[in-house]
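Structures incoming, each one as structure tokens.
The two complexes that follow have chain A in common; it is paired with chain B in the first and with chain C in the second.
== the complex of A and B ==
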């Protein structure tokens, strides 16, 4: 039985016990899936897992605190669920986790870029996946792309294709690719001088619209209407259309995610102007891993490193004046 | 300290110090009472504890015109609230890593521990840090993108 069918069956089994099951369904166009809330058995018909299941459904879980919900998760999504549980932002007994072996998801922007010379994204009428290829029908012509070329960057360095924690698991767990995350993205930035990096952010952040999609898509950004970015006292960022305030906002997001960010990449994926905001979060995640040998969202029992301390820190070399 | 000021055409730079009330603020006071000569670039903000230091204080200062930021608290094991500085140490150590990615020289930020009796140590810390910041010169300001002139673009 295909994974998709197994998942549907599991969802149907879970459905009577929960408020809803969150997964993915058809999106606004053939290239995009969408988060999907299944409440009735007939809803499950249009459920779809696979390369178009890009969104992180863990995002919605804190809203359902107090109710029981089911959630279908890719490996990366499951890390968000685990992190939410370990921070007591959701309760383990209130969520039914359904996992499956993930083969990677599509990066819509990469597909659109690859086909930019052939027509407008709106002219895509069909998308098909078969044997490592993506066949996109655009303005009447079918173009074949290699899936590896258009999959999300995070999938290339993924070490957890299967849910790290699940109540039900469809199919057979997949081997991780074995590719180690060597922070290639940060290395590119590190090649620049400090001045160049400063100019890089000036340029990137000048495009920011302050739509806050990056914040709203982040499963670990749970403050919602109480975000410090909108507080007037203290006035962390002003209403001015200034690059400085926009950069300040990104720093707030990164600092608040230090030791909590699971690297799901949603913040960067949803940015309408393509700002590589994940670089800031990955810098801090890398630091946390190096200093405290910790990766967020791998284990519900481990304590986030910034919420604890050691009297003698083995890895922190303080400056001797 | 004239030596310092020469490196920046005799101009002072702006350095913000976040000091805990119980140790480092006392240490700075001890240095003052003892009349130890110190550079005058530092502006002190007194906080209850180094554990109160939100890394965002530091970025906010650095992005808004400060040329350097110094955080100082009680020595480990001496915190007035027992463990505030232990949390601060982890937080600041992680935060420090963000500065190079942002293109800000990490030497513009330091954290350290000075007790209320260590007037001399305070003098040393302030002098050395000020020197370090002077060597880097004034910090860069985040420039705004040039105004996008819609009318001009349409006319072209």
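== the complex of A and C ==
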């Protein structure tokens, strides 16, 4: 793959100047890639971009604050990097951004669901991508799936296939598909009455294990060990095993991300029990877009509207000045 | 903890629709409550004594008073528990009057809600901590914003009391609206003769630092220690050198500049001194019309100025001063009367405002005191005055009465007869409002001695009729339509808050009403205070008022400022934010949202943390609400205290 080779060359060029370069490498099975930290030139050999470059490598950047690192990013990942820079959570000069045109990533759960009747996920021995098809070898048989059927939902509404900001860019920038995010995924939720919506969330959250994978996978969640979820002063969430406390955490998480969430969807992807937690964040993103005409992670100079103080908001006219 | 709960009857204000004895009985069962009782007037002397005695007798460590809004009486009860030996922050109020008894008639529901509110207060109080205020030094200097008669009075009284004063006025001269008036009611004495000496006093007073043609750019800090940045707008004249000789204004070739002082009743030169008694008497160049500044060709004033004061390169200058208190005296402006299409919406030259008419009456005005109508300079004989133009008119969103128009219209009718003995004035009015001392007699004199014909009714239309104006209206007392052929129509245009007043209010962090008038601390009991400590109000900025009332309020605001700054130190409010360094991750969201710049970044052993500047913090709680990990907490309003209240409410 030409782009992959170009990326490897760029990583090798960047490597001497940085602590490490974060990208993707082989995962635990042929269907999964994994975040990959390249420190030595020989590490770069196993680097892989493409549909299995699922994870958002921006997640790791705040930990490296004070050191210089390289990061390979998809369009969606780059928005997280931009947002981190705009909030001063990482420094622009401490990060070397390598971009490439992204064709979309795989939703592993969709593949596993599609092939559920043919065998166990552990029996997958090979995965190949060619011409809009995914060929999966499972228990000795090769099954062909349409990539569009098994790609991540976010890729279907992606307007930024290329990095918003990059120091190096492999290949030719892909033209944006022109799709506009119309928040179609929220339509069903918005149609519900308040009671129905609450019942929906109570039902979904009843599965929550409180593993906090959603929080740990979120690139904008920088509090880490100081999260309100595990604090008594202040004591926002009780330790009781109740659905409402679980929902309370999701609400806090969503509110903390209002105007900051770039919609990378990692929270929902990593949920081991499949709770659609991204819907909460997208509900707030929609509100922020409508109210403040603001999209997170598009411009390092902009500040999230809920993290600034202005006597008069440009878009909210309380007074007739 | 041992909590005492006091449920106030407030006479029948609360007891009328709340079963206070039942609320007290319910409160007695709440956690940590050792004593609960209902009391007739908790704020009265026996009421406060009962609280003090109960604290001692029942060994209480905290008190809940369920009564009115804490805005008025929280300080009262804080002092009461302090006298009883408790920390003043170990008291909570539940507002069962404004939030319960006054808004609902269902006694049973009210009693339940009052119980809920008391329960919330008890739960919060259980988490209250002793807070000790600090002593902070104060700057014994007062900023007066606005150099009208109210501001002048406030400045002179402050200076008289030994305080340093900084006065900021946005026009080139102080004097305000009063300096534009010819005469004043009800004595018909010359406005500039009574105001002039006061203006001179301001200029000559060593304790008053005067900044005219200047505006308040920003204010930071807090009571006792404000830091004010003043923008001195460039007059393109070095005022240190300008002697006010006026040669430049005689020679300036551009004589078509809008004359602000004369309300556009004449034109003036691009470089001008607004009026003969101006303080300071310095020239200012109107940059919008000055030929030199617009297209670089001219420079006559620089050539003729004997002291070489003209400086076309001059730029705005920012000056910073420290003050301990602020008196806002920004006055008023007139509403845009051209919204009234029935009065011609500004199309007829001979329909003018009362302040424009005042300039025609004035000996120092554009017509040297001869009444000449704008269209053809003829002396008008029939003059129609229309009152309540933009006052008491709900249809244009001005329901309020401007308060002074009835009086100045009567004055102008009297002056008109003085100037033109064979003239006839007609006054269309809605009601005559003249409640001041010697005011009603004055309006009667206008009618009885000066023959002004008062017609109770509104004017429906004004149409041109040859070189006259046909004024068509109703006389509701006679029950008939009237038509008057007028030579001149004078509109008693209603006042509104000074343009830019809300913006200044935001800088001062004081409230203002929907019309832009500044809100006093209490309508009746704190008429010159605001809810921001150290900021006082004088004059029409608080609500339209006439000259005597403005002067009285100027003195009142000065008395308040002098009282505040009579001590060398003030107590700081300990209800401020503080950072739990263990929990802070240095993400910086708090310092981005702080409206007061009270939070800064600091380095703790290589880690970035937030630090609250206690003296600057106003306790607004924005940082508290923003901090994702809850590392910033606002004393007396911690997350856990608010959560305890919510919890109490939800569990009821």
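Worth pointing out:
Methods note: the second predicted complex is superposed on the first by the 307 of 321 C-alpha atoms of A that agree within 3 Å, B and C clash if a C-alpha of one lies under 4 Å from a C-alpha of the other, contacts with A are read in each partner's own complex, and residues count from 1 in each chain.
Methods note: contacts are C-beta pairs under 8 Å (C-beta built on N, C-alpha and C of every residue); 3 or more make two chains touch, one makes a residue touch a chain.
Note that the coordinates shown come from a computational prediction; the quantities given were computed from them, not determined experimentally.
With both complexes brought onto chain A, simultaneous placement of chain B and chain C is prevented by a clash.
In the superposed pair of complexes, A:201 makes contact with chain B only, with no contact to chain C. Using the contact criterion defined above for the overlaid structures, shared-chain residue A:226 touches chain C, although it does not reach chain B.
Within the superposed three-chain model, A:235 lies in touch with chain C and out of touch with chain B [touch as defined at top]. By the touch criterion defined above, A:248 reaches chain B but does not reach chain C.
After overlaying the two complexes on the shared chain, residue contacts for A:88 are found with chain C alone; chain B is out of touch. Looking at the shared chain after the overlay, A:258 reaches chain B, while chain C stays out of its contact range. In the superposition on chain A, no contact is made by A:139 with either chain B or chain C.
Of the two partner chains placed by superposition, A:176 touches none, neither chain B nor chain C.
With both structures placed on the common chain, the touch criterion links A:305 to chain B but leaves chain C unconnected. Ranking chain B and chain C by residues of chain A touched puts B first. For the contact definition in use here, the residues of chain A common to its chain B contact set and its chain C contact set are 228, 236, 306, 309, 311, 319, 321.
Against chain C, in their complex, chain A makes its touches with residues 87-89, 222-224, 226-228, 231, 233-236, 256, 303, 306-309, 311, 319, 321. Touching chain B in their complex are the following residues of chain A: 186, 189-190, 192, 194-203, 205-207, 228, 236, 241-244, 247-248, 251-252, 254-255, 258-259, 279-280, 283-284, 286-288, 291-292, 305-306, 309-311, 313, 316, 318-319, 321.
Listed in rising order, the residues of chain C touching chain A in the complex are 502-503, 506, 580, 582-585, 587-589, 592-595, 622, 626, 628-631, 633, 638-640, 643. For chain B in complex with chain A, the residues that touch the partner chain are 55-56, 59-60, 63-64, 76-77, 83, 86-87, 89-91, 93-95, 97-98, 100-105, 110, 112-113, 121, 124-125, 128, 140-145.
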